[in-house]
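Residue numbering begins at 1 within each chain, and the chains themselves are lettered A, B, C and D in the order written.
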Amino acid sequence: MKVIVQEAEFDPWKAVSEYQAEHLAEGKHGGSVTFIGTMRDFNDGVDGISNMYLDHYPGMTEKHIERVCQEALKQWDVMDALVVHRVGAIEPNDAIVLVAVWSAHRAMAFDACRFVINDLKHRAPFWKREATEEGERWVEGNSVDAVADQYSNAKKAG
Amino acid sequence: MKVIVQEAEFDPWKAVSEYQAEHLAEGKHGGSVTFIGTMRDFNDGVDGISNMYLDHYPGMTEKHIERVCQEALKQWDVMDALVVHRVGAIEPNDAIVLVAVWSAHRAMAFDACRFVINDLKHRAPFWKREATEEGERWVEGNSVDAVADQYSNAKKAG
Amino acid sequence: MKIAVKYFASMRDIMGKTDESVELNDDANITDLWAKVSTSTMPENTLIAVNMEYTSQAHKLVDGDEVAFFPPVTGG
Amino acid sequence: MKIAVKYFASMRDIMGKTDESVELNDDANITDLWAKVSTSTMPENTLIAVNMEYTSQAHKLVDGDEVAFFPPVTGG
């Protein structure tokens, strides 16, 4: 299990591919589920977001995400997990977050990956500041995604 | 949207990365969810599976998966989807299937990806033949995953 | 009418062939087709496709249809 | 006792600082700490961590604790 919080840009597919080659035993995991969050150039109806600054609480952020991953490994039949999260200045189309989990069975991989990213969105100490055409603003909670989560609960694909 | 059924080995992360660079508009999707199914060297309690042959119904397989992807694009707020599925001779640790979906919001990406891979497992005309130490055998349905799905329904992470 | 029949996976072992061409009376359905190609009952869980779409045994055939019989799928 | 206090995101703008060191009586809790650092009521939805773990206003502090105040998180 590995949690990386970094300022540097990263290629999420390269990261997950390299981690698997280094850390996963061959032929033992049946499925891996990966979530990649990418910076959009719009948010909450505001277009033309030129860039974003992601603040965090150094130390607590890593500790919190590590605990969540450990919980996921315990709660589901998950073999390994990798989380990479950017902080600092982020440009549109940059990958912000990668959550990858490996399991013998796909349903558990989906559940565990979703559990980690949901917790990360709602509990890990990160804060977004966006630069719009009208100036800078702190983003006020993941409201749009909360609505999407609710929608999802009513419409689960099984 | 693209559906590829092929005999050749493939690198799933390279495939999804290249597809995104070619087909997805920059800064418009907020999340992508990827499922990668990998060949294990055990199945249904049988160890030492040395290789596998994946039979399919040429024509119907592609047609069926394309229809399922189109359904996913319609049912959720999904922008694009990529499916790559191997057929023919497959070795342990090979990627068998890749399902990648892109959406503005993560909950929809999770639901749509899960919908596609579940249908693909239960409805797309593929058949596995495994070579074990006792000889060849046709695999009899995705029973272990059916159990895992059930488990997952009772324990949804939201 | 003429029907193209295909078998996949364990259904190939059961039938001893991969495909055949069958001559049927007009108005025949899948049940009639099966009676023509086999003296055994259709294995439980057999899946049926006509022109690459899933269907049931009651499906009425037309000249030139492609019919496939196969066991439960195991992809992914 | 001595408490290290940190502020993040919009809480920095509200407090006008990023961190400070506060001297408190023994047995003080988070509510007492807030009363010491601000004359306003704590903004609704403020999250509190002691030694990098989430906690509530009733949490009793001990010498050397690190306390952080911040708004709802927006990662991912």
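Of note:
Rule of thumb we're sticking to: a contact is a pair of C-beta atoms (placed from the backbone, for glycine too) under 8 Å apart; a residue touches a chain by one contact, two chains touch by 3 or more.
Values in this document were obtained by computation on a predicted structure and should not be read as measured data.
Among the remaining chains, those touching chain A and also chain C are B.
One finds 72 Å separating the Cα centroids of chain C and chain D. Taking each chain's centre as the mean of its C-alpha atoms, chain B lies 47 Å from chain D. One inter-chain figure worth recording: chain B and chain C are separated by 27 Å, centre to centre, where each centre is the mean of the chain's CA atoms.
Touching two or more other chains at once are residues 37, 106, 117, 121, 145 of chain B. The multi-chain contact residues of chain D, meaning those touching 2 or more other chains, are 76.
Chain pairs recorded as touching, per the definition above, are A-B, A-D, B-C. Those residues of chain A lying in contact with chain D across their complex are 37, 54-57, 59-60, 63-64, 85, 96-97, 117, 120-129, 138-142, 145. Of all residues in chain A, only 11, 13-14, 16-17, 26-42, 92-93, 104-115, 117-118, 121, 144-145, 148-149, 151-153, 155-158 touch chain B in the complex they form.
Of all residues in chain C, those touching chain B in their complex are 6, 8-10, 47, 49, 52-54, 68, 70-76.
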